[in-house]
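Next come the structures, one after another.
The two complexes that follow have chain A in common; it is paired with chain B in the first and with chain C in the second.
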Partner chain A sequence: MIKTKNLRKEFGKLVAVDNLNLEIEAGDIFGFIGPNGAGKTTTIRMLATLLRPTAGKAYIDGIEVTANHRQVRPLIGFMPDFFGVYDDVKVWEYLDFFAAAYRIPKRERSDKIDNVLHLTNLGTKKDSFVEELSRGMKQRLCLAKTLIHGPKVLLLDEPASGLDPRARIEIKELLKKLKSMGKTILVSSHILPELADFCNKIGIIEKGRLIVAGDVKTILEQTVGGRILEIKVMDEAPKALEILSDLSSIKEAQLVDGMLQAQFSGTLEDQCSALRALVDADVKVLSFSEQATDLEDIFMKVTKGIVS
Partner chain B sequence: MMANPVLSKEIRTRLRSKKARKVQLAIGIPAGIVVFVSYGRLLLALFRFHDLEGEVWLGCSMLQLAIISFLTPGLLANAITQEKEQRTWGLLRITRLSSWQIISGKLIARLLPIPILMVLFAPFMVYSAVSSAMKWPVIAGTYAVLISAVLLFAVQALFWSTTLKKTSTAIAASYGLVFLATIGTYIVDQLIEVTTRISSPTSLLWCNPFYVMADFMVKLNGYQIPRPVMQEIIVFFSIYVAGSVVLLAVTDVALERIQAD
Partner chain C sequence: MGKITHWLRHAMENPILMKELRSRMRGSKAYWVLLVYLAVLSFALVIAYLAWWHTSGYSGGSFVIGRLFFRTLFYVQVGLVCLITPGLTAGAITLEKEQRTYDLLVMTSMKARSMIAGKLVSAISFVVLLMVSSVPLVSVCFLLGGVSPGEVFFSYLVLLLAAFMYGSLGLMWSSVARNTTTATLMTYATVIVLFAGTLLPLAPPTEALRAVNPAGALQYAMSVEQYFTFHLPAWIASLILNGLAGILFLMVSIRKVDSYDTDTSLGLRLQSLLLYSAVLFFVFGWLFGISYSKNELSPDDLLMVVWFVILSVLLVLTPIFTTGEPDQKGRNALRLPIVGGWGSLFRARLESGLPFMLLLLGVSTAMFVAGYPMTGQGLPPMLHLYLPLAAILVLVVVAAFGGIELLLSCLLKSRWTALASGYLIMAGLTLLPLVVLPYSGRAAEMIGFRPQWLPLYLSPHMALASLFPTLEEGFPDPTGGEIPFFCITTLLYALIAALVLIRVRGVVVRRWEGWRRVPRAAR
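Let's turn to the complex of A and B:
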């Protein structure tokens, strides 16, 4: 659904995006992760037909973006990181303007406006003036605008930036709803827990280069070297280490602060077998759990904190 | 025409705008007083001196031209830069609106005060035209000069608004060009006259709507001027009308190619 081939953008001597190759399939929720200045916004703006690439190609639903921006624009919904709203218009008028701008017939607009207002939980604000809305509400209004023409692809650039925790959670819930509607979403953020919940694929960009991209679980295994099992035993830690090291699902085991940590790359069955092996050897196991490895771990592992 | 969403949005926001209302009041009240007093004095003069009709026509035309020159760049110079500054431009560009829809919507909505201005002056124009049995070419020519000036001054302001990033620079560039076409041409003409010691006006003044308007009316009213007035008028309309069309096309292309921010 979204594809880039050696996509490159230069601003003078600065290379903002460097030979980016992405492939996002229909229905994917792709988390685009990177520090500020890494090239996330530039990539999204190129996909949104708002910036011309210096080199390379970008495709949305098989259509080349730069040469066919008129065909691409109805397919995408774009929400920028910073955006303004028109003063002196009411919420429904704002949405009606964008619906008209997307050439939605007048007779269909009212229903579509009600639908997106309901989805974004702004139904009660329909007749309010846009400037009276809070920051979080404006963010949801922008998302409502993004959805008004029913785009297949959503390009969301830092949709929860600058919001308070409640508004942030509301946006997150909204994105989950959109995921269930089967939209293909590319969402950028540098706040990783935001993305962890609902992205099935991620891409990490640093200094304009895509360092790693793909399925979250696969990347976890590739980068962190599998999951970590944390085991606390009553005594006989060296014996437990020996037993664990003999198991094929355990790559490496070590004692850290009185806790056994084992790099594990097996199934749930293999985890049960590891526990059984310890218990059968009369090791007194106090706790046995898998360490929660998240996007932050991957991010810290693969990035160096460099920006372009 | 109202099917153009940019046009209807522009009209709606301009009518509602609280900021605009303050500006309207700040300009409207003193302007209203001036217009009211002028109206009264002019009516009085027309009743007293029946041979003033021709002068009223010329005076009203020149006054309208002066207001147009002052007002038009200000109305259009922030048309696109405002969108860029308030960060709505990207949202607008990604829609299915064509560049032409944006241009025409902005242009028409923002030029609405001009017909109002002309309507305001209409009673005097009609009175002086009827009572002095003014010839049709004079009437048509006067309005042609006025409309040409509106067109070029508006389109050039829209062009600057499209190509420049900030409203302040777009306003400066727009007024700069109007200044050049009006006062600037007189200054340069005078400088040439002083340095060359040749007293006939240079063809530079053919770009000046005030100069052309005056010459045009004098000529069409049957007076002889020792200058190629028709040539002057043809050059003026060529520059103003063709210039507007070319600039509109360039603005359209620039809008199509321009980046969002």
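Let's turn to the complex of A and C:
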């Protein structure tokens, strides 16, 4: 649904996006991760036909973006990181304005407005002035505007930035709803827990270059080298280390702060075998668990902490 | 009829127009503007009445005061419309950028021209509301007499045309500038230049062409002038020139609003050509008119004045058309800015700026030559010598300054810096040498074969002025070491043009080499 081929953007001597190759299937929720200034917004703006690439191609639903921006725009719902709303209009007028701008016939507009207001939980605010809405509500209103023309692809640039925890959770729930509606979503953020819940694919960008991209599990294996088992034993730590090191599913084991940490790349059966091996050797196991590895671990592992 | 209704319905469904109208009339701001507008008009009427009372009392009949009221009302309204309309449009696009709604708008299915049309029509609609609110005051003039309904109707049309022209100007700056402050400043600076420039006596000495100014249009609109063999009332010149300029401003706005819309280039260049031709038609037509019908200008002077006009106008326009941001993909054409640029003549590319200027020179020459048969005159005897020499001089001067602008565009990052630097260099080379003239008191001698003040060789205007006397007196014998003034100036500018264009080629080739280092797949 979204594809880029050697996409590049230069601002003078600065290379903001450097030969980006990306492929996102229909129905994917793609988390675009990177530090500030990494090139996320520039990439999204090129996909949204707001910036011309210096070189390379971008495709939305098989249509080349630069040459066919008129055909591509109705397919996209774009929500920028910083956006404004017209304060002197009512909520329904705001949505009606964008519905008309997307050439939705007048007779269909009312239903569509009600639908998106219901979806974004703003139904009760239909006749309120936009300036009376809270920041979180304005964010949802912008998302409602983004959905008004029924786009196939959503490009959301930092959709939850600057929101309080409650509004953040509301936006997250909304994105999950959109996922269930089969939308293809590219969502950027530098706050990783935001994306961890609902993205099935991620891409990490740093200094304009895509460092890693793919589904979360594969990347975990590629980058962290598998999962970590955390085992606490009563007093036979060296013996336990020896036993674990002999197992084929354990790549490496070490003692960290009195806790055994083993790099594990096997199945659940192999985990049971590891525990059984320890118990059979009379090692007193106090706890045995798999460490939760998340996007933050991946991010810290692959990025170098530099920005363009 | 059906089509018109359909078009009107479509126009009224313009989302920008509807939103702007709704927002503008919401709240008390619009009513305050209305109140101030009517208060200023009423105050002006009171002042006019008191002035009349103190100067002539009741003498002359009521129609005198009726006429005075009418003039006062419309002159003040012209001022107000020229002040208010650009104010309404100068922030139209920049405010969208500042409140971060611009990207959301551009992303919709609305075309740039619908956005611009919506913004302009909403601003003009508000001005029309202000004009309509003045009708009760204008009706006082009917009570007093001295004014015909046709005159009133025509005056409102002049106001409407001014609202269109100055509103479009505001929109153009709004789409070009980065913020509302710059857009407003640039808009009002241009309004002052256009308004004062067409009103003051330094404007064309013809009454009819002064009607280009809305205040002038109220006074001179009906005066008829001869353009070549056509007798046209001044309001037609006003309508054509203001209308074409307004459309050109709108086309620039449309082009700037959506950078992806490249299909406007052809229209923009054609519109520029059309406006240029229209200006030439009225200026040349009037010059030919006063020369051959009224005998106010000798045929020799006509020749010189026309080429002075061509040189001056082309010099003013050259930086506008030859600056821009060089496109990496236009590298091949930029290698040969004159030869290669013809291919993209109507695509508003940087490399085609110089060929476009040469096209304007061609149009000017053609219109000038056509003027003789159009007015039923034979070609003057000196024309076959004067014309090619003058044309070559103008050509090399335009090529030199165009080349300088191209070079600046390639070297500097900002088009505005290139534009400002270009105008400064041009002023320095062409105008500074002339500062000696008021002190010499013998300008005529200085434009002979050998100017005593050497920098005068750089002044193309002086070279042009020296061309006719040189031709009249005959070329000196080149073996005697005498080289005419204009020949030196022509050669000098030809040399500058060649050097600068070679340098442009060098800069672009270097850039192209840098670009070639980027892997092919990444381009």
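Points worth noting:
Note that the second predicted complex is superposed on the first by the 308 of 308 C-alpha atoms of A that agree within 3 Å, B and C clash if a C-alpha of one lies under 4 Å from a C-alpha of the other, contacts with A are read in each partner's own complex, and residues count from 1 in each chain.
By definition in this document, a residue touches a chain if its C-beta (ideal position, glycine included) is under 8 Å from a C-beta of that chain, and two chains touch if they have at least 3 such contacts.
It should be emphasised that the depicted structure is a prediction, and the values quoted were computed from it without experimental measurement.
The superposed arrangement places chain B and chain C in clashing positions on chain A. In the superposed pair of complexes, A:G12 makes contact with chain C only, with no contact to chain B. Contact with chain C, but none with chain B, is seen for A:A55 once the two complexes are overlaid on the shared chain.
By the touch criterion defined above, A:P80 reaches both chain B and chain C.
When the two complexes are overlaid on their common chain A, residue A:T41 makes contact with neither chain B nor chain C. Of the two partner chains placed by superposition, chain B and chain C are both touched by A:F98.
Touched residues of chain A were counted for both chain B and chain C, and C has more of them. Overlap of the chain B and chain C contact sets on chain A: residues 45, 48-50, 52, 70, 73-74, 76, 78, 80, 82-86, 88-89, 93, 97-98, 100-103, 142, 145. By the touch criterion stated above, chain C contacts chain A in their complex at residues 13, 15-16, 18-19, 22-23, 26-27, 99-101, 103-110, 259-260, 328, 413, 518-519, 521-523.
On the chain B side of its complex with chain A, the touching residues are 5-6, 8-9, 12-13, 16-18, 86-88, 90-97, 259-261. Residue ranges of chain A in contact with chain B, taken from their complex: 45, 48-52, 70, 73-74, 76, 78, 80, 82-89, 93, 97-98, 100-103, 142, 145.
On chain A, the positions that touch chain C within their shared complex are 6, 8, 12, 19, 45, 48-50, 52, 54-56, 66, 69-70, 73-74, 76, 78, 80, 82-86, 88-89, 93, 97-98, 100-103, 106, 142, 145, 149.
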